[in-house]
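Labels run A, B, C, D and E following the written order; every chain starts at residue 1.
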Amino acid sequence: MTDHAALELEHVTLRIGGAHILKDVSLSVPEGEMLGVIGPNGAGKTTLFNIVSGVLRPTEGAVRLAGADVTTQPVHRRAAAGLGRTFQTSSLFPALDVLENVRLAAQVREGRAASVFRTPRRTDAATRRALAALEEVGMAQRAGAGASGLSHGEKRKVEIAMLIAMEPRVILLDEPMAGVGSADVPALTEVIRGLHRGGRTVLMVEHHMDVVLGLADRVAVMHHGELLAADSPEAVMANPTVQSAYLGSAA
Amino acid sequence: MDTLVLLLITGLGLGALYFLVASGLSLIYGLMGVLNFAHGAFLTIAAFLGWEAGRRISDGTWTGLAISALVGILVGATVAVLTEVLIIRRLYERHIEQALVTVGISLAAVALFEGIWGTDPIYTDRPAWLTQTTEILGARIPNDRFLLIACAVLVLGGIVLFLRRTRYGLIIRAGVENRHMVTALGIDVRRSFTLVFAIGGAAAGLGGVLASVYYGYVSAHLGSVLLIFAFIVTVIGGLGSLTGAAIASVLVAVLQQFANFYLGGTGDLVVVVLLAAVLLIRPRGLMGKAA
Amino acid sequence: MTAKSLRLVIGGILLVVALAILPLLAIDVPGVLPGPTYTPGTLQLLAFALLIAALALTYRMMFGLAGLLSFGHALFFAAGAYGLAMTLEAFGPAEWPSALVFTVAIAATLVLGFVLAATVGALALRVTGISFAMVTLAFAQAGSVLIRRNPGSATGGDEGLALDTAHVPPELVGVVDTRNLYWVALGILVLVYLIVLWVEKSRAGHVAEAIRENELRVRVIGIRPYNVKLLVFIAASVLASVAGMGYLLLQSGAAPRIATADFTLTLLVIVVLGGVGARWGAIVGGIVYTLLDQRLTALAGSDAIAALPDILRVPLSEPLFILGTLFVLVVLFLPGGIAGLPARIATGRKQHPAEPEETVDA
Amino acid sequence: SGGGDADGADAAPVAIGMITSETGPLAAYGEAYVAGFEAGLDYATDGTGEVDGRELEITWEDDQGNPDTAVAKAKDLIGQGTKVLAGTVASGIALSLAEQAEQNEILYVSGPAAADAITGVNEYTFRSGRQTYQDVATAGTFIGDPAGKKVVVFAQDTAFGQGNLAGVEAVLGGQGADVQGVLVAEDATEFTPFAQQLIDADADLVFVAWAGASSGAMWTALQQQGVFESAPVVTGLGDVATYQAYGDASGDISFLNHYFGGAAGTDIEDEMITRLEEAGAVPDLFSVDGFVAAQMIVQAVREGGDDVDAMIEALEGWTFESVKGEVTVRAEDHALIQPMYQVRLVEGADGWAPELIETIDAETVAPPVVG
Amino acid sequence: MSGPVADEPILSVRNLYGRIAGQQVVEDVSFDVPATGVTALLGRNGVGKTSTIKSILGLIDRSGEVRLAGERIDRAPTHRIVQRGVAYVPEDREVFGSLTVAENLRLAERDRSPRRELVASLFPDLEARREQRAGTLSGGQQQMVSLARALVNENRLLLVDEPTKGLAPRIVDEVADALAEAARTAPILLVEQNLLVVRRLAERVVVLSSGRVVFTGSAEELLDDHDRVQRFLGVHDEREAA
């Protein structure tokens, strides 16, 4: 088998104290797929992302990136190997300005991101890449603003720009639309579609069903720490458990 | 055998003293995130004024000591409250700056005390019983150690009850985390913080008076010496954990005694190594909560 | 931008030149300097202030840039001073020419400083926040206790270690040569400044700043914070030893005081006084603090103070009381320190601290 | 060195730099030293402050107990043309100043700093006080013939304590005593177990060398554990502030002493005390060091003028009458050969006060020649 | 305490200015919140909705005139304002992570007889997690704690900032139900991006743009006017925003 899935989870289980937070989750995401992850609050979606990105270690089971077992690898290794993510709550470096935030990510792609022998310049490749990424999310005109002064929606966009600048192969988006004003949802949806179009594998937790349905190739449903189903959007929407446990009357 | 008993019990006594200082420190840090370098100054001023009062009213008697202790507690609490209200409060949620001002206060206070009471230690009198010894298993234990241990136990119990049994405990813990949100729930969080400082200061005040009993003198540097150990104990025990501080106090003091005696006076080195080792193995300390 | 930075560079060079020709001038600033600038006493004081400024600059690099609050920085300063004193003595008997002994001793001390910094840093950086501060404190305390214990009569204990001048270039010995020592101190400050500038402007510097804000976030973009922090720690520590060597030459000896936690606290006070926000803040802080300390002592002993009633005389005759109070006032009312002054005057508005970090849900 | 140019310069004042702790941990010692110096200067110049018509221009500087400050002040003074430095109570600072004196070829008269290392450190350095060796040798005289006796030194593990142990080993060990040290970490606060150790050692003499605030607790511990019943205990009697530090143990201790008010009974002592009292001071442990320093400086200037070599020559081997009687500046290593005292504390209306038992002859306690 | 006169607004904001870090984020904002029903505060990202609410509560530097049932509250400290019956549900949940769910709720109880049953019935999931530390709750669960803290007391006014953010669609429904229920006893000032929820709950809307009020009126008037929706909120069809 040479063609590995971009991301594979095998029997991933997580217990913290007495709580059984993830129960035997197995999932394989082929290269280039956009996978929507939905499920009620507290189902374990963010936890799953934390395990994939290395913030948490599973109690049992394995995580594979492009065939390589990364279960015990630290966060930064996985990131350097091409795994990017955003957080459910925006997290930027508040003391840096927008451009510097994104440029940090761009440097990683170039290598020697933390070298003392390299000085960032306005004209270097990392800066250009960062500016391009900001352009793509429509934040170029805010490049010089301090990150702490951004509104919620702006922060979200800058985070995505950081992802773009990192050029990861696998991307985890945790509720990218949360708190984004209605006006910006379509634009941001396009940005995410763009992320995906480049052939990248994207996993996205999102409660905005239109966005999920509009973007995802496949939708995984989590419930009480279990993976209920991973199927086409239509099939998932038709699933009665999803209907009752998740969507309610809003469907 | 008797040396062993002697080392153990005197270690316990010293641990009690460490705890009396550390309790306030740990309380204030744990609940408000303020690393209070001025704590030693609270202790010293309480010891000085306690001594001044005790000696005026009746020197070297139990009454005198009781008065000293009372005055010490009041002074400690008052000074702490003043510090909180006048200085710390203006810097709320800026923990680094808060620690910094307390550094400034401690520098200034020690200098001021030296200016007022001089640089020499002032030797104190105490009730005769405290200068005598009681024999336990062949070891002659100085009686003041029992007083220290008793006071430390009382303080530990008192503070733990306060935090468990009153609503203040809850307010204070929440306030540390997100002060704005506590006010947004309709609670005057400043009052609670002032109360914490008062309690911490009172514990330091009592510690100061007892320290002057233990050392037999008061001096401008009384607090600074104890403060270092109180810090170490607080950190080893786990920041904010009172029981942790209590356990660590005893551990540190006993270890220090043994190392000083059997390992050629290396007590301080051993304590410092212990601190580094505990933190490297368990960054949160023995009983600290997860960050 | 380039025009502005060019102006800055030229301004900097002019400032250094001005400082360098100070010993050739007879500028008298009564109340600030003890005498005209060419006198040895004044030069000694100024040289000392420059070295403290250099040390404060290294401390700022850790604390201000990377957010590493260390309570053990004094250890490395002491390592430089004691290291050079001890190696000079150790190489003393060798049959080499003095210049060679001197150079080798300096090189050996640098290596010592590096090894010490790498060891302490590698261990202490395994923890963060207050724990990091305490582990560094622990190492520094251990160093301080060792120095005072005088193992094998190597450190001179309480009495400190005198500089063995046998192999020190004669230009650096004696009061008439204080001028040369002043230039050495100025050289060290410039060197430290340039290296600090270089580190801060590099990618590593930016990453260090990001780590200060949000460590997990840095890991998630694929950088290991540990390496960067260690780099900053080692750079700052080795530079501190360089300042320590300058101190040894200037003072003709090393005293155990420079290894104490109190000394580190003084550094912290200096950096905050000067302003964490800017490099020049640390420099100004170091110089202002040293001069103040000296002048306040002079004031304390003055007749004007002695004539005051007790309630004023007692506090005013304690320099540390005034310094401590001043420091408290600066933290309270001048959050950016001295370096924050221009901006405050410009905006005329109170500065707020950055918003508390957002929590990462993990 | 630029020797004093003849005539014209003669009337010019002589700059004397006095550096000592006026603030900082040793400020109290500094105060006694300063008062003693003023008295000595007044005595030695007959109240004129001049030597042969030349004014002694005295500049006082505070070293704050900090060598850095001391060195800076010294350099400043030297830079301004000071020919004589004197003072300081801390041995570490005294050694730094001695170093400056040598580098810059000026005279230095060290103050109360006790370290033996100051004696003979270089040709420019003299001392006006006693040194550790003399303390220890004094204690040695208390036990008759030390040969075969067991002496335990109980001291802090500091330069001062180590110096005392080394001193006892040299003095009493040299005379055949079996010397053993119990050194306690400086920051230790608990002394009971060590007291136990002293009893277990079963010594003929316990020599205690202790400085600093923890003395009170240490003595209490010795007393509580019964050390005084097991062996005679000897220690140095410090300044007035410490007289009450020994608590109930006071009567049980034999003290060696450098000086206390009234110890000497000489005329010059009366002169000093009168002057001290006029200035509102009391005679204390280090008053004499200041007094002697003034006498030495006046002598050096009188005989040597501005020339440091002449000053050195004037002092080397100089024998003179001082507060404690006849004292000699030994030519070889500049040690100050002086009598010492054996003292006890007796309780009076104002608490404990010293009482002289015996004066120990200067030669008996003279340190061996350095070098 | 006399009940509010029927047509007197419960909250009236006049010329409110707010500053964060020396930067003006609320500029001369004036509007009223009637004594009944839900008033929605709308606007694009970053226009200053959250800041307006924080200014009302005194959580950021503010100046201007704010009246609660006729009484000035613009000088009162936050806790006093809240004690007068104003509850706040912040944008970022702001639960006390180191406290348990039960402790979070207990802390919020101001009334002598807090409405614990109501909260328990609204958020059964929380009941099961009473002893869990709030910091370990999922994002949505934290949002529930945050809402529960406000609803546990009787209030005269609720200030609710984006309560449905990050909630599963079914929970969004439930929260909307809960708010509708709450609105029957106390008026609500609601910041919300989900226009479906706005349409369902709000009678009146206030629209902000760059820190200023640009529209005040009935919800229907705004939402049915596609032009205005497009102009103020940048949305063509509200369904798109759901």
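What we mean here is this: contacts are C-beta pairs under 8 Å (C-beta built on N, C-alpha and C of every residue); 3 or more make two chains touch, one makes a residue touch a chain.
Just so it is clear, the structure is predicted and the values come from calculations on it, not from any experiment.
S.K.: Going only between touching chains, how few steps reach chain E from chain D?
M.R.: 2
S.K.: State the chain with the largest centre-to-centre distance from chain A, centres being mean CA positions.
M.R.: D
S.K.: Would you mind checking which chain's C-alpha centre is most distant from the centre of chain E?
M.R.: Relative to chain E, the chain whose C-alpha centre sits farthest away is D.
S.K.: If I rank B-E and C-D by number of C-beta contact pairs, which comes first?
M.R.: Of B-E and C-D, it is C-D that has more C-beta pairs in contact.
S.K.: Between chain A and chain D, tell me the centre distance in angstrom, where each centre is the average of that chain's C-alpha atoms.
M.R.: Chain centres of chain A and chain D, defined by C-alpha means, are spaced 76 Å apart.
S.K.: With chain centres defined as C-alpha means, what is the inter-centre distance between chain B and chain C in Å?
M.R.: 32
S.K.: Taking each chain's centre as its mean C-alpha position, how far apart are chain A and chain C in Å?
M.R.: Comparing mean C-alpha positions, chain C is 44 Å from chain A.
S.K.: Let me have the rounded angstrom distance from the C-alpha centre of chain C over to the C-alpha centre of chain E, please.
M.R.: Centre separation, chain C to chain E: 51 Å.
S.K.: For chain E, jot down the residues that touch at least 2 other chains.
M.R.: 20-21, 92, 97, 139 - these are the residues of chain E that touch more than one other chain.
S.K.: Note the residues in chain C that touch 2 or more other chains, in rising order.
M.R.: In chain C, the residues touching two or more other chains are 317-319, 355, 358-359, 361.
S.K.: Any chance you could list the residues of chain D touching two or more other chains?
M.R.: 23, 157
S.K.: Show which residues of chain C lie in contact with chain D when the two form their complex.
M.R.: Per the stated touch rule, the residues are 34-35, 39-45, 48, 148-150, 156-160, 162-163, 165, 173-176, 178, 251-253, 255-257, 294, 297, 300-301, 317-319.
S.K.: Tell me, which parts of chain B touch chain C in their complex?
M.R.: Residue list for chain B touching chain C: 35, 37, 87, 90-91, 93-94, 96-97, 100-101, 103-112, 114-116, 228, 231-232, 235, 239, 268-269, 272-273, 275-276, 279-280, 283-285, 291.
S.K.: Which chain D residues qualify as touching chain C in the complex?
M.R.: That would be residues 22-23, 60, 62, 64, 66-69, 71-73, 75-80, 91-92, 95-96, 99-100, 103-104, 115, 117, 157-160, 162, 186 of chain D.
S.K.: Applying the document's contact rule, which stretches of chain A touch chain E when the two form their complex?
M.R.: Result: residues 16, 19, 38-46, 88-89, 148-154, 175, 178-186, 207-210, 245-251 of chain A touch chain E.
S.K.: Mind pulling up the chain E residues that touch chain B in the complex?
M.R.: It is residues 57, 59, 77-79, 82-83, 88, 90, 94, 96-99, 103-104, 106-108, 110, 149 of chain E that touch chain B.
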